[in-house]
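Take this structure, written in structure tokens, and hold onto it; I'll ask about it next.
Per-chain residue numbering starts at 1, and chain names A, B, C and D are given in the order in which the chains are listed.
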Amino acid sequence: MSTPATDFNEREFVICQISRLVDDKYIYWVGGGGEPMNSVLLAKRMSAPNLQYLTEDGCVGPEARVPFDPLMTMISSPANYRALQWGTMNYAADLAQLGYVDYGILATLQVDRYGNVNSTVVGKYEGGEGRRFGGPGGADSIAALAWRTILVTDQQKRKFVDRVDFISSPGFLDGPGARERHGLPPGTGPWRVYTPWAMFGYGADCQLMIQAIAPFVTLEQVLEEMSFKPAIAPKLEILEVPTEEELMILRTQIDVAGQVTDRGRWIEFKDGKYSFAAP
Amino acid sequence: MSTPATDFNEREFVICQISRLVDDKYIYWVGGGGEPMNSVLLAKRMSAPNLQYLTEDGCVGPEARVPFDPLMTMISSPANYRALQWGTMNYAADLAQLGYVDYGILATLQVDRYGNVNSTVVGKYEGGEGRRFGGPGGADSIAALAWRTILVTDQQKRKFVDRVDFISSPGFLDGPGARERHGLPPGTGPWRVYTPWAMFGYGADCQLMIQAIAPFVTLEQVLEEMSFKPAIAPKLEILEVPTEEELMILRTQIDVAGQVTDRGRWIEFKDGKYSFAAP
Amino acid sequence: MRILEEGKADYLKVDPDGYRASVRDNKPHQMVSKLMTHKEAVERFVRDGDYLAYDCNYFQRGPSSLIREIVRQRKKNLWLCGKFTYVACAILVEAGCADRIDIGFIGFGPWISRAVREKKCTIYEYSNAVITLRLKAGAMGIPFMPARSFGGTDGFQHSGCKIVEDPFTGKPVLLVPALNPDVSIIHVHQADEFGNARVFGTGIAHAECALASKRVIVSAEEIVSTDEFRRDPARTSIAHFTVDAVVHAPFGAYPGTVQGYYASDPMGVIEAMGAMFRGDFTEYLKKHVYSVQSHDEYLQKVVGTEKLAEIRRRETIREGYAS
Amino acid sequence: MRILEEGKADYLKVDPDGYRASVRDNKPHQMVSKLMTHKEAVERFVRDGDYLAYDCNYFQRGPSSLIREIVRQRKKNLWLCGKFTYVACAILVEAGCADRIDIGFIGFGPWISRAVREKKCTIYEYSNAVITLRLKAGAMGIPFMPARSFGGTDGFQHSGCKIVEDPFTGKPVLLVPALNPDVSIIHVHQADEFGNARVFGTGIAHAECALASKRVIVSAEEIVSTDEFRRDPARTSIAHFTVDAVVHAPFGAYPGTVQGYYASDPMGVIEAMGAMFRGDFTEYLKKHVYSVQSHDEYLQKVVGTEKLAEIRRRETIREGYAS
């Protein structure tokens, strides 16, 4: 069952990457639905049966009954099923503020070299000229308070920018010490950024560094889809593709309706290597 | 049944006085046990069946099952029986802080002309030389946050002093405006002080004023049992004695074991007037 | 205790003393029956120009029927508490009811964007948790609350928050201003006629909303007896004296879910989301609000008993959602 | 934001960052079994010099059996969180375990008075609610909390509180320093082996104690399965990851009551109160602590099954005290 898969799409790929980081030993705050939620749901079925995650509505350690109805990833009986504790939003934020959240996992619109997150406006804020989005939601609390934040975004030039147009949720702001100067707890911050094509960490300068890429892209392709040139790890790793088992669980038990995974390009194993399938 | 009683003691007298102030229309924070608790329990059975009071453990509007075991006036199933809501101490304090508590009722060790309350030390604080008592408990919150505070104390020279040795819970501190200068909410403060012998209100100068006395004492007797001379209301009222019904309920349903009412001198109606019975 | 940084935006005035006076003078301290219709509750307790908070949202145990009634009564100039929201703000702004929003998260859509550009709507920036923390401060009667998040963001600059030097540690700490909405609308599982109310399951800030708001309308799936509350006082989420109006609203969260009672209606959810994304609620409001006079009529004529039976049937999980 | 007034007393250092690091490094984030005896729990998690908070008190759903175990192990130099207390502080001070007390309310008695005079015990002044508010701040990970009480008292002068100019209203407002005890002991109705715990009925600050304290020992009347918690997650008062040790302690609050489970033993209460008022716990400790090795032995040999049956029988009210 742990056979590497030969057909999967970009979303499935990134969900499996994050899912493999998830461990019973830690507490996670999972932002909304999408890839973050699907990653932990997958991990709970693969390797972390006692997984504990919390959501913004103060739900602690549920054994969610999937699939969910559209948008019903919180404050719904399937999402909150068999939790250890039910609270409310201030309770979730208190736990994070106290240092109980080891990892935060969140998807985002736009990220910059310091890991700052924009979910507010692309373009100019003043006068409402830019293209406006919904605001930080719970992501600000996760990004500020979790010990380590895992971001998920797309590998697109407009999503990977030198400086976000608006810091909705804090990365390292403008470098070492900046978070603390603005009252954020020390020792916290961005840890990984995942895209369907690559995985980034951070250097001592608090700036993004490519650490691994997917087997179906080249480093050049990744760099082309960024607005700035990041540091590159001395030894660049190749990310492992999803296994058949992961995909089966994801497709048949979690994202049954394809709400999350039915977007993104398909990858196939052909002629001894992984590459994008013809559309 | 509303016949004036002819035999009662000082405690019963003061409990009945306070009980008559209690009304369904308002919310009360009742300090601990003793006279305050017995007053509201009596009121609930006399005139205010829908009476709402809260206690320090965040119990809202119970229909307490009396009598209580010794000290079991909070966090016990009889005291908290059939409440509208169960909370904890911070909830009680929040409600008071928000202005929900119309009246606070509390018993105290020592009170001064500004209504300041001492439950910490009689004598010198520094070095532990004075006689030490248990501290403000919940009384500080009641005295600071209830719109109107009703105090109960004994009519004794050492309990009615010009200036308390230690302000444990705030009265008017040192006069008009002082509470606000120390961050307490405006419009709050002491409203009445009841003793078994007299009832005091406050003048515009925030100082105690005798407004009424019991029919079994003279004004002179009351003044003799005070360490300072208070203002005297232009028209001094005579407090009405307990009724037979009040006493019957108090003795047979509330303070059955006499935990609260078995202290204090007895009063009898003799030769057309009320006076202290021979010991 | 120096102020190190200050957001530059307007915020609802912080006035704990004024709020206390309002609680004393206007809240129904006595246990009196407050049962009334949607129409009466909104007429009496939602006023033009109010700061309005709703708990949860149009899809998740939110006061959807009350939001529709507010639109029906064409309230004006509301300032919205836009936390954890997909479409409620868009509905209220597009319907002409609201012109200011404190944002945690909302479905923005092209209509609000245009209103902002045309200066018909003003946005203030927070996060979901910063807003619920503001409500928490409002629910405790204090003027502000320290927080360890939100500093360093651009949102901070467009908020009413401040960063001060903590007088206990000397380090920078953020303060959020207390929020005491003029009115809150809260949908619950059960209430009695006096306003004691129970929410089962997780939530956003129902208890805080009730305690923090000058006026409170509770809509409830079920009206139960006060004895029911006295039987299990730990389950009481909201105490009667915080509540001004109790509205019996079965399926009040439709098209959203009420945990343990009924599932969401995915088609109804998608219909509203579509209108939000298109920036055009004209047809939606015509069908779901203006075509009927009341919530009862809405359920009968627009939603239909078959749909209601279906969403109730689809809610198979009941554990933890009854007392 | 000017500081207008400051209490002059020592207080447990305010250090939210240090507390966060302690939560990260020392709290059991994973679900692991923590069932152990009184002896082991106190040996491992109560240390000489600790700041110790207990929830409720020796007579009212308090961790009485854990307090006796602390005495039995002759812990030293504890700093006590003396809120809502009749005899717990007196027992711990007279037994030589504690030498500092933050006071909300305690039964003082002649022994502590003498210890204060002889500088063997130091007292810091608060009120019950100010202390629980300090715990609340500690339970939220913030350095302080505003409050509208305690200002103007003499207690304030002997506390760690400050009055500052509120940067939002310009008015004076009191700040209480957050309290993060080294260890808390909490008695609950039910717990599972991981530390998930339920308190039924009212309480003082059990949830705050668990969240605010570096180490937490929960003693429970009953050990139930985790499934039981998952069946009704709204009843969970304390989450497992805040808890370091779970002790099965039937009648753990004796001579006090546990609501819905057993009544207090009035004679036991009076015996302890008498010792406190006399300032002499010598005989009390001999009989109730030193004569036995464990809580089980205490129940069998000192209290006796007849008494236990009686206090259980006398607790006739069960409504609201089960899930």
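Simple rule for what comes next: a residue touches a chain if its C-beta (ideal position, glycine included) is under 8 Å from a C-beta of that chain, and two chains touch if they have at least 3 such contacts.
If you're wondering where the values come from, they're calculated on a predicted model, not measured in any experiment.
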{"item": "Most remote chain, CA-based centroid, reference being subunit D", "value": "A"}
{"item": "Higher-contact pair (C-beta pairs counted), B-D versus B-C", "value": "B-D"}
{"item": "Between subunit D and subunit C, distance of the C-alpha-averaged centres to the nearest whole Å", "value": "37"}
{"item": "Chain centre separation in whole Å, for subunit D relative to subunit B (CA means)", "value": "29"}
{"item": "Centroid distance [mean C-alpha coordinates] between subunit D and subunit A, Å", "value": "41"}
{"item": "Two or more partner chains touched - positions in subunit D", "value": "16-17, 141-142, 147-148, 171, 173, 201, 231, 233-234, 319-320"}
{"item": "Shared-contact residues (touching 2 or more other chains) in subunit A", "value": "59, 80, 82-83, 86, 97, 185"}
{"item": "Topology of the chain contact graph, where touching chains are joined (line, ring, star, complete, other)", "value": "other"}
{"item": "Listing of all chain pairs that touch each other, if any do", "value": "A-C, A-D, B-C, B-D, C-D"}
{"item": "Touching residues on subunit B, where the partner in the complex is subunit D", "value": "55-59, 65, 69-72, 74-78, 80-83, 86-90, 92-93, 97, 120, 125, 127-129, 131-141, 144-145, 166-170, 173, 178-185"}
{"item": "In the complex with subunit A, residue positions of subunit D that touch it", "value": "16-17, 19-24, 27, 29-31, 139-142, 196, 211, 226, 229-231, 233-234, 236, 239-242"}
{"item": "Residues of subunit A that touch subunit D when the two form their complex", "value": "24-27, 50, 52, 59-60, 63, 80, 82-86, 94-95, 97-100, 102, 147, 185-187"}
{"item": "Complex contact set, residues of subunit D against subunit B", "value": "5, 56, 59-61, 82-84, 86, 103-108, 112-113, 116-117, 123, 125-130, 132-133, 136, 147-156, 158, 163, 171-174, 201-208, 257, 259-260, 263-264, 266, 269-270, 273, 315, 317, 319-321"}
{"item": "Residue numbers on subunit C that touch subunit D, as the complex places them", "value": "1-3, 14-17, 137, 141-148, 162, 164, 166-169, 171, 173, 175, 177-178, 200-201, 231-235, 319-320"}
